[in-house]
Each structure stands twice: as structure tokens, then as C-alpha cells.
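As C-alpha cells, here come the structures.
One chain, chain A, links the two complexes that follow: it is found with chain B in the first and with chain C in the second.
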Partner chain A sequence: MRALLFLARRLLAAAGTLLAVSIVLFAGSEVLPGDAAAASLGTNATAEQTAAVRAELGLDRPLAVRYAEWVGNAVRGDLGDSIVERAPVTEIVAIPLADTALLTVLAALATIVLATAIGLAAGLRPGSRLDRVLSSGALVAVSVPQFVIAGLLVLLFSTVLGWFPAVSLIPAGGAPLDRPEILVLPVAALTIFAAAWASRLIRAIVIDADTAPNVEAARLAGLPESVVIRRHLLPATVGPAAQAFAWLASALFGGTAVVEQIFNYPGLSETLVSAVRHHDTPVLEGVGLLLAAIIIGSLVVADLVGLLANPKLRTA
Partner chain B sequence: MIEITDLTVADTSGRAVLDRVSLHVSPGERVGIVGESGSGKTTLATALLGAIRPGLRAVGGTVTFSGTDVLALDRRRLRALRRESIAYLGQDPATALTPTLRVGGQVAELATDPSPESVARHLAGVGLPGDRAFQRRFPHQLSGGQQQRLALARVLAGDPELLILDEPTTGLDAITQDLVLRQIEELAAARGITLLFITHDLVAAARLSDRLVVLRHGRVVEEGPLAATLSAPRHPYTRELVAAVPDVAEAFEKYGHSVFETSRAPLLEVRALGAGHGRGRKRVTTAREVSFTVERGECVALLGESGSGKTTIARCVSGHHRPDSGEVVVDGEVLPDVRSRTLAQRRKVQLVPQDSAGSLNPRRTVGAAISRVLKVLQGLTGAAAEAETARLLALVGLPAEMAGRLPRQLSGGQRQRVTIARALAAKPDLLVCDEITSSLDVRVQAGVLDLVASLSESEGLGVVLITHDLGVIARMADRVLALRGGEVCEQGTVHEVLGEPRHEWTAALVAAVPSLRAELDARVA
Partner chain C sequence: MTPAAQTPPTQTLTRAVAPAPPRNRRKLVGLLFLVPGILVAGLAIIGPWLTGADPQLIVAPPYTEAGPGLPLGTDATGRDVWVRVLTGGRPLIVIPVLATIATAVLGTALGAAAGYLGGWFDAVVSRFDALFLAFPPILAMLILLNGWGYSPVTLIAAVVVTGVPFVSRVARAATAQIVHSGFVDAAAALGDGSAAILVREVLPNIARPILADAGTRLAIAITLTASAGFLGFGPDAPNWGAMISENMEGITLTPWGVVAPALGLAVLAVSTNLAIDRLAGKIGT
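Now for the complex of A and B:
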């Protein structure tokens, strides 16, 4: 009951946040120099021609009116039409978004497993040789730019070993899942960075939980180490770890932009680059709103996990 | 049963935390180990469990339990020893309860027989209901007292032969402390459990032990039967310890007679103060219609449990909390919150906060912390400020070279004294002291209280003293306000409130207060 109430309140707050994001997005794309009318006509257009196209696209109406119309439609699932392709944004974006999401979800799963394992191994014996090796490795991995990691992966696994393709070639009309081997290197490039980053957070969370008086008491009571960890230590780490992983959503989506370009992967990155070039504001705004919704959504999920993992919040 | 011979534990720099400590405990005995913070008590206790804190190392001596060498056991045997033979209850036992584990599970995981019936018996053994509904509860759904008992039931579930108690009552109010000690006493007697009671509190030790071992700087300085050790201590340190114990009855007889006439122009007048925390529907009122006065040279104590609103009231007086209603009047002036006070108004009222570590900037030296006050509120700089800083440090019993130290290089008691020196640097008229002695050892505590009392007498310093310790009140206060749930439930002179309490809570508190003399008298009789 309390969890439901919490969820309702949290969703309401998330909707408010999303609305704020939509205002920033709309205002932001509005202040960019030039507009779609000018961009679609090229440099030789006369002022009359530009004005005519602007009128046709509805760009001559006041800002507030256009924003209200956009948000109203977005709530009903209509993100407007692309100016360049003259097709609904949702249609244009659907497939690249699904491909990018595939990359992100795989990388997120790999990150959660890897970061939890590394964070636990390092955090349970801070200062040990294993911890020093893992922690400095993680530090190196977060310090090296992602395109360098991707480049090294290509060099090793594609050029030298020839195990995986360096570029994501997909037959026309196909999907990345038709050729799963093309996913390996992009996912690895994303995971190495994110797992290194998250494992440092998990390590700190584990160290914090390990010195809690209840964990010390459980050890002094003679419980086996596996029980101490599973029953007394881990529950306290679930909430904070969920928060750490929720922030991954934004880091991973950010990372895909670079990784997709390097591997020539058919995701959102390509769609966004071309939309920026052609000043296709409906596409930019639509994608921005979708990504914001996904990130805010994952934070809500993290809050809910934290709530369910804490009996004090769950039952009181 | 326990045989410790010449145990020496040293830190990485080679300094001995325990120095050739020997201890012999026979089955069924109750031994109290008394010492101040830093004396090595806890290191000794956990060494018995084969646990030596990281950064420390046993460099010599042996620890045997029923003939087995504890320090030489492998992990599996050590676990069995902890599980089956030795139970350990640490400071603030409620924090030993994992919040995600239900009551039943807390006990079952350590019980020899984990069935619900057996768990129910263990719970009943400490006076808790054992029914299914209770076993399904989480620790946070229990009262503070129930949590204490659950922690006890938990460690006793494995039917231990030896129970090590490491300061289990520190920080508890007198009523709860009395309950916990009585419970342990009865259980240990009924089950024939050997007790090792580690504490800095001589009164509690007197209650629960037959033999005392006094530990100082890692060495045993005195050892002997309880009554003999306390009534005729041989070592000067033990004598000092015994003399420093705040005894309510004694202090009451000695100091409890001062009578302050309420004048027309008191130093502090709090009028119908109301205050709370939180916003909107979550707003909790922590003080309601609280009124009192403090005269020059008078000490007024606010007595109450945690949550009674005493700290909120103190912070309203010092201007760190904005009251909802009512007024704080100092020297006839209504004072706003601290940011709106003039320098002269700020100088008059100084707060000594409870958390001394949190109130000192970790990157500034002690000297810098004090001289900043001297500069802002007294206009002192250079050599004059330096001399005054040294004088203030000496006043609170700290050597002048402490001025160059950072807060983390000081002990808790030293930090507390620095915050007092810092407050005194302002030459205040009114000092608001929030539980300033609760983290101090008895000897240091006595010194700090004497200091404040003498300033109050010689310079007419008014004091608002916040405490839950009746011993401190009997020593210091002229008048007492007893607070329950944000309201004044009783007020009067110390003589009235401690001598003839009218409110049932005050009466229960006074009745539960431990007294070293009374404990000893009971033992001898």
C-alpha cells in the first residue's frame, strides 16, 4: 500500500521533471541559429520563399502556441513530423532507438554483473593486492576516452585476432540481431567504461556496509562468512547500488553516441547527426524527450528498488 | 575458563595497546573490567573472540579458553567457538540488529535449534512475546527497549558459556540502563553464564561484577574483589576514578541547596517558546509553551530523554533554530535568530554543541578555531590573541601546544574541551551546554563540570545545561526543567525536583538512578 502510494507520488514527480525537460528542449532548439525553413531551401532562397515555407510548417505562429501543441501531441504519443523526411518522428526514430536500446540494455546487464563482482571482490578486502589491482585497473579504464578503448578493441579482436567484425555491416532491411557477432565489440566498449565507473561506486558502498555494527556483530557471533555477506551485508547495499546503476542509463546512452559512430552501428547516433545537420528540430526534440523519459524512468525504478529493499520504508 | 597470560597487542608503530595483560576467570564468575576510553578494554574483549582489529597485532602472550589457544585457532574452529561458547554484546546493542532480518530470523540464525518453538522460548527468556506475529516483525517495529532485549536474546540463543558485555549500557538513560542490567543479571544467574563486563562506568560495574580489574593505558593497575577494590582502592588511579564518579546522592547533599531568587531582570528569559521541525504535514512540534529564566551565575538544567525537545530549546536560545512562537530575551533585549544578531548580541550567548567533532572545522587547527572567535568578537589579534588562546586552553586543562593540532589529532574528550574553550573565548554572559559531558570519561567529566561551575560562580556566567544525567544535574544545576514530549512536566529547584519529584516520569527516573555508594552498601549487607 505504502509502496503504491510512493510509486504514485514518484511518478507524478517524474512527469513534472519530464515537463521541465520538454520546456528546456523546446526552448533550446528554438534559439539555435537558422531554422528548418532556411535549411531545407538552401542558401539561394529569397525571403518570400522562406516565409512561405515557414507558414506552411507553422513556424510563424507564437512560440507558446507551438510548444503547447507539441506537448499536447507528445502526451498522446505523437511527436510531430520530421521536416526533412516528411514522416512521423516516432516512425523514423523507432528502429534506430530499438537498435540503440539493444546495445544499451546488453551493456547495462553486463555492467551490473561485472561491476557487482568487481566491487564486491575489492570492497570486501580493501587494501588487499586484489583490491589494488582491480581499483587501479578501473581507474585506468575510466580515465581513457571511450574512443581509445573502442580503437584498442578493434585493433586486438578484429585486426589482429579477426574474431569479431570491426564495422557493423547489416544486410538491407536486416536487424543487428540477425548478426549477433557485430554486437560484441560495441557492447564491450560501452561495458568496460561503465563497469569500471560503477565498480568504484559499488566498492565504496560495500566498504561502508562492511564496517556497519550489525555486520561486525554477525562475524563475532560466529556466522559463516558467506551468511554474513548474503544475509547481513548485501541487503544494506541494494538501495545505494540501485541508485548507482540508475545513473548508468544516462552514461550508457551518452556512450552509444561515440561507440555507434566508431563501429558504424545503425543506431540513434546516425539519426541525430543527420537531424542536427538538417536542422530537423522535431526529430531532435522527440529523441531528447524519449531519452529523458528513459533516464527518469530508470531513476524511479531505482527509488522503488531502494524502497522495497528497506523494510523500514516498506512497512512503516 | 579464561586464562590470559602476558597478552601484548601492539599497533603498526609498535606502541602497545595491551601491555602484558594477564587475566584469569573461573566458570560462573562475574568479572568487571574498568577503564577509560583508550585503555584497551575493547581490544582485550575481542581478543577473547580471536578478533584483533585491523592495524593491531598480538605480539606476545596467550589467550586460552577452556584449554584451547584462541589466537591459534583456524577460521572454522574460531567460528565454532564464537557460535557455541562465547557470546559478545557490544556497545549500543540495537545497532547489532540487521534491519532486513525479522525478529524470528535474528534469533533462529544463531540458535542451536532454529525451530519457531525454540525461538519463541529464547524470546520469552528475555521477556519478549514469542508469538508468530511478533517473530514476523522487523527490528524497526520494536521499541528501543525491545531492540535491546532482542539483541540479548540473539547472542544468548547459542547457549554460550561466557557472555562478554562491552559497554552495553553506554548512552542509555537511567531507566533503560537499570532494566538492561537487571535482565542480564537474572539471565546469567539462571543459566550459570560466566560474565565479563567491560565498562567505563564504575557504578554499572559495581552492579554486575564480583571482581574488578582496572585497566589503564593497556596495563592492569589493580585487581581484586569488588567491595574491597572500590571501598579501599590501592592504586592512586583507582582512587581517582572512584572519587570522580558523579554520585547523585552525594552531589545532591553537597551542592543541592543553592537557592536563586528570581529577579525582575534575569539574564535570560524564555517566553512561551514553541518550535518544531519539518514542513507542512510532516511538521513535528518539539517544544510547546516553554518558559523559564536564568539569572546571572545560575545554572538551569533541561532534563529529558532523547526527543523531549531539549536540544531544540537550546538551539532556539543560541539562535540556531527559529522558534514558531514565543521570545528569547537576553538582558531585556528580544534576540532574533543568530544571523540577525549584532556582534555584541552574539558575544553574549555561546553554544557548546554536543557533537564536538562535527562543530570543529577539520582543516583548521585548534588555535585557529579559537583565535577566530577572539578576533571577531574580542578584536584580539597577534601576540595578544596567542596569549589568550594559551590561557583558554590551560583553563580547560589542555597544554598550549594543542593550539597547533588539528581536530582529528585529538581525542573526543579533548575536542569537547576545545569547543568549550572556543565558546569561552567570546567572554559570554550565557553558556548553552548541550550534553557536553556525555562522551567524556568520569575524570575528564568532573574537570569540565568543575570548570563551568567555577566560571559561573566567579564571573556570574549563566548556564543552560542540557543533559539526561541526574548526576551532572545534582552537581551543577540550581534549577531543573524536566521535559516530556516538548512540554515542561515539572520544574523547580534541584532540591524540589530530585528530592521530591511530583511527576511520575521524574519520580521513576530518580528511583532508577544508580549510585556507587548504594550499590556497595547493598553488596556488603
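Now for the complex of A and C:
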């Protein structure tokens, strides 16, 4: 019962955050000076022409009215129409979103495994030689821009060694999964950054849990170290680790935006970049809202995992 | 927490006369890490003056291999890669540094005020921070580029908007931690105003975590600025981010058009981050 109440409150808060994000997103992209009407006509348009297109697109109505309409439609699954392609945003975005999601999910799984292993190895013996090597390596990997990592991977594994294709060529009408080998390098580029980033958080979480009173008490009681780690330390790390991994949705997306470009991978990156280039604001807003929903959703899932792992939190 | 961070900040007499404490060695190593970064940054800043050549000039067929007169070969349209490397780094130093300073100042002001004042102001700032943390920085940058088009100001704004929530969170937490310690209460009892207390008592005591965070901010700012160029939003003048995407297709013919700017960026970001990490005495938080 308590857990259900917690879940309900958490979902309500998430909906509130998403609503607030939608306001910032809409205001941010509509208030800024660039105008879709002017952009779609080019520089030679007369004032009358611009006004006519603005009226046709409904841009002459007050911001609040347009926002209410946009959000109302979004709730029903309609994100408006692309100005450039004159087609529903949901239609344009569906396939690229699925392709990007494939990359992101694979990279997230790899990251969770790697970051947990590295974070535990470093965090259980802070200050040791192993920790110093792993922590410095992670710091280097998070510092380097992801397209630099991707470029170096291409240079090594496709140009020099020839193991994997440098470009994600997909036969017309096909999907990335038809040629799984094209996924290896993009997923690796995403994972190197994300695993380094998350392993730093996991390390801090493990160190934090290691000094918690119950763990110290278990040690003082004379329990063998393996039992202390398995029964007391690890359970305490599940909740915070789930929180850390929830941010992967955001971190990995930032990565796909550039990594996809390096490999010419068909995904959201090209959709977004061309939307910005052609001033196709509805596409940008639609993708932004979808991503925010995914990120906020993963934070809720993380909270649930933390709740299930730690009964004490159920009273919160 | 690393062992170094656990040592009390006060210098006792025994510590002062003891042979070089490890914290100083860490700082020395930290300064050494800065050297490659400063070299690359210096080259990027004076680069345009070192070469009189026009970076847009087509000097040879596309993707000509390195040779006499062309130390790094040519790029996708046959322009001199060495000249473009020398001229294409400056925006990646100037924009991120300015943006990071603005981010740190704004974030510290917001966070410290929120932590010190508490109440509704704190609640609003915290909500606002949480909101922006759920927003991938690159998406925020694309939205600003959509509205304003490319300009250095757009990129600085993107870095500030996405960075302020992080700095403000750090500043807020640090302030909340010290705000009820003796010296802040003492200053208040002596009749100092809020602004004076914030500047004289709070700021010096929260500077450390904020400076440590600033290194991460700078590295992210460099990445974000380079990403904009890489995605095709930049000036007509060369920049390292754009060079990597322009020359990617020819990487098998001559790698320098990609490798040289990539190395520059990597050294810059890694050096900054490692140095700040050592100087601030913390790894992996």
C-alpha cells in the first residue's frame, strides 16, 4: 500500500517535471528570434508573404494559446507537423528514434556491466594502484570529446585493422540489425565514454557504502569480508547506482548526436541537425519532448529499483 | 573520498616541518599535467599569427598525403591541413573559457544565495536545477542554434544554460553545509549584512568544490563547442570540430585532417581535467 502511494506520488511529480520541461522547451524554441515562416520563404520574401505563411502556420496567435494546443495534442500522441516536410512529426521521427534507441540500449547494457565492474574494483580498494589506474583512465575517457574517441576507433579498427566497417551502410529499406557488424564501433564509442563516466559515480557510491555504519558493524562483528560485501555493502549500493544509471539516458543521447554523424548511422542526429538547419521547430520540439519523457521515465524506474532494493525507503 | 581529501585542511606545526606532505606532491603532479594543455592552448591562440597563409586557399588536390611544403597534407577540398590546424583552435579556447567563467559566476551566485537564504528562493532554484538536469546539453544547444543561428554568443549561452544547474547545485550544497557553522553565525551576530557574509565568509569556504567542478565544466564546454562545429554549426573559418567531420571520409587516404585536430582537442580536454582533478585533490566524485 505504502509502495503504491509512493509510486503514485513519484509518477505525479514526474508528470509535473515533464510539463515544466515542455514549457521551457516550447518557450525556448518559439520565443527565440528565428522565425519558421521567414526561414521557409528564404531571404527575398516580402512582408506580406511572410505574414501569410505565419497565418497559415498559425504563428500569429498568442504563445500561450499555441502552447496549450501543442501540449493538448502531444498528450494524445500528436506532435504537430514538420514545416519542411509537411508530414506529422511522429511519422518523421519514428524510424530514426527506433534506430537511435537500438544504439542507446546496447550501449547502456554494455555500460552497466563495465561501469559496475570498474566502479567496484576501484571503489573497494580506494587509493590502491588498481584504483589509481582505473580512475585516471576513466577521467581521461570522460574528458575526450566522443567524436574524437569515435574517430580514433575508426582509424584503428577499420582503417588499420579492417575489422569493422567505418560507415554504417544499410541497404535501402533495411534496418541496422540486418548488418549487426555496423553496430560494433558506434556502440563501442558510446560505451567508452558512458562507462568511464558511470564508473566514477559507482566508485563514489561504493566508497560511500563501505563506510556506512551497518557495514562497519558487520566488519566489527567479525563477518568474513566476502559476506560483508555480498550481504551488506552491495545491497546498499543498488539504489544510488540505479539513480546513476538513470542519467545514462541523457548522457548516451548526447553521445549519439555526434557518434551517429561520424558513422553516418541513420538515427535522430541527422533528423535534429537538419531540423535546425531548416528551422523546422516542430520537429525539434517533438524530439525534445520525447527525449525528456524518456529521461524522466528512466529516473522513475531508477526510483522504483531503489525502492525494491531497499525496504527502508518504502516508508519514505 | 580520497585519503588526501580526508586530511584536515589546517596546517599544524608537525605537518609544516614534516618532509613534503603528499598533498603538495599531488599539486606538483597536477601542475605538470597542465603543461601539454598549455602548450596546445598556446599554439591555438598564437597559431593564426604564426602562419600568414590563408586557411581557405586550395593548394593541392584533395587528400594529398603529407610531404615537403605540406607537413600534414591537404583536406577534403585540398586546403593545407597544417595551416587549418594552426588557425582552427582559437575559438575552442576563447569560447569555452569565457563560457566557463560566466557559468561559474552565475551558478555560484544562484547556488550560494539559495543555500544561504533557504526558503522559497531555495525551493525555486532547486526545482529549476532539477528541470535542466533532465535535458541533454546538446539538445539545449541545438534549440538555441535553431533560434539564434551560429554565433559565439549562442555557444556561450548554450554552455551557460546547461552548466549553471550543475554549478548551482554544488554551490548550494557547499553553502548549506557551512551556513550554520560558527563563523557565519558570528558574522551575523556582529551585524554584517547577507551580501557581506556571502562574499566574505561563505565564498572563500565554498571556492574549493566549485573550482574542482569548474575543470569538468571547462572540459564539457570544450566538447560542446567542438561538437557544434562538428555538427556543422560554426563560422566559415576553420575549427577543429568541423575539421574532423569534414575530413572523416578521407581518413584512409590521409589521416592527418582528422588526427591532428582530434589530438589537439583530446590533449586540451584531458590535460585540463587531470590537472584540476589533482589540484583539487579529488578523483572520482
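Please note the rule applied: the second predicted complex is superposed on the first by the 301 of 316 C-alpha atoms of A that agree within 3 Å, B and C clash if a C-alpha of one lies under 4 Å from a C-alpha of the other, contacts with A are read in each partner's own complex, and residues count from 1 in each chain.
The rule is short, and it goes like this: contacts are C-beta pairs under 8 Å (C-beta built on N, C-alpha and C of every residue); 3 or more make two chains touch, one makes a residue touch a chain.
Please read these numbers as outputs of a predicted model, since none were measured by experiment.
Trainee: Determine, for the superposed model, which of the two partners chain B and chain C contacts more residues of chain A.
Mentor: C
Trainee: Of the partners chain B and chain C, which touch A:223 in the superposed model: first, second, both, neither?
Mentor: Only chain B is touched by A:223; chain C is not.
Trainee: If you stack the two complexes on chain A, which partner ends up touching A:214: first (chain B), second (chain C), both, or neither?
Mentor: It touches chain B, and chain C stays clear.
Trainee: Where does A:309 make contact in the superposed view: on chain B (first), on chain C (second), on both, or on neither?
Mentor: First partner only.
Trainee: Using the superposition on chain A described above, determine whether A:139 touches chain B (first), chain C (second), both, or neither.
Mentor: Touch partner of A:139: chain C, not chain B.
Trainee: State whether A:195 touches chain B only (first), chain C only (second), both chains, or neither.
Mentor: Neither partner.
Trainee: Touching A:120, do we find chain B (first), chain C (second), both, or neither?
Mentor: neither
Trainee: Have a look at where A:236 lands relative to chain B and chain C in the superposition and call it first, second, both or neither.
Mentor: first
Trainee: Okay, in this complex, where on chain A does chain C touch?
Mentor: Touching chain C: residues 17, 20-21, 24-25, 28-29, 31-34, 122, 126-127, 132, 135-136, 138-140, 142-148, 151-152, 154-155, 159, 166, 200, 203-204, 207, 250-251, 253-254, 257-258, 261-262, 269, 272-273, 275-277, 279, 281, 284, 287-288, 291-292, 295-296, 299 of chain A.
Trainee: Note which residues of chain A are touching chain B in the complex, please.
Mentor: The touching residues are 212-224, 227, 231-232, 235-236, 309-312, 315-316.
Trainee: Name, in rising order, each residue of chain C that touches chain A in their complex.
Mentor: Touching chain A from chain C are residues 1-3, 127, 130-140, 142-149, 219, 222-223, 226-227, 230-233, 241, 244-245, 248, 251-252, 255, 258-259, 262, 265-266, 269-270, 272-274, 277, 283-285.
Trainee: Could you please specify the touching residues of chain B with respect to chain A in the complex?
Mentor: It is residues 46, 49, 51, 78-84, 87-88, 90, 92, 95-101, 109-110, 138, 140-141, 154-155, 158 of chain B that touch chain A.
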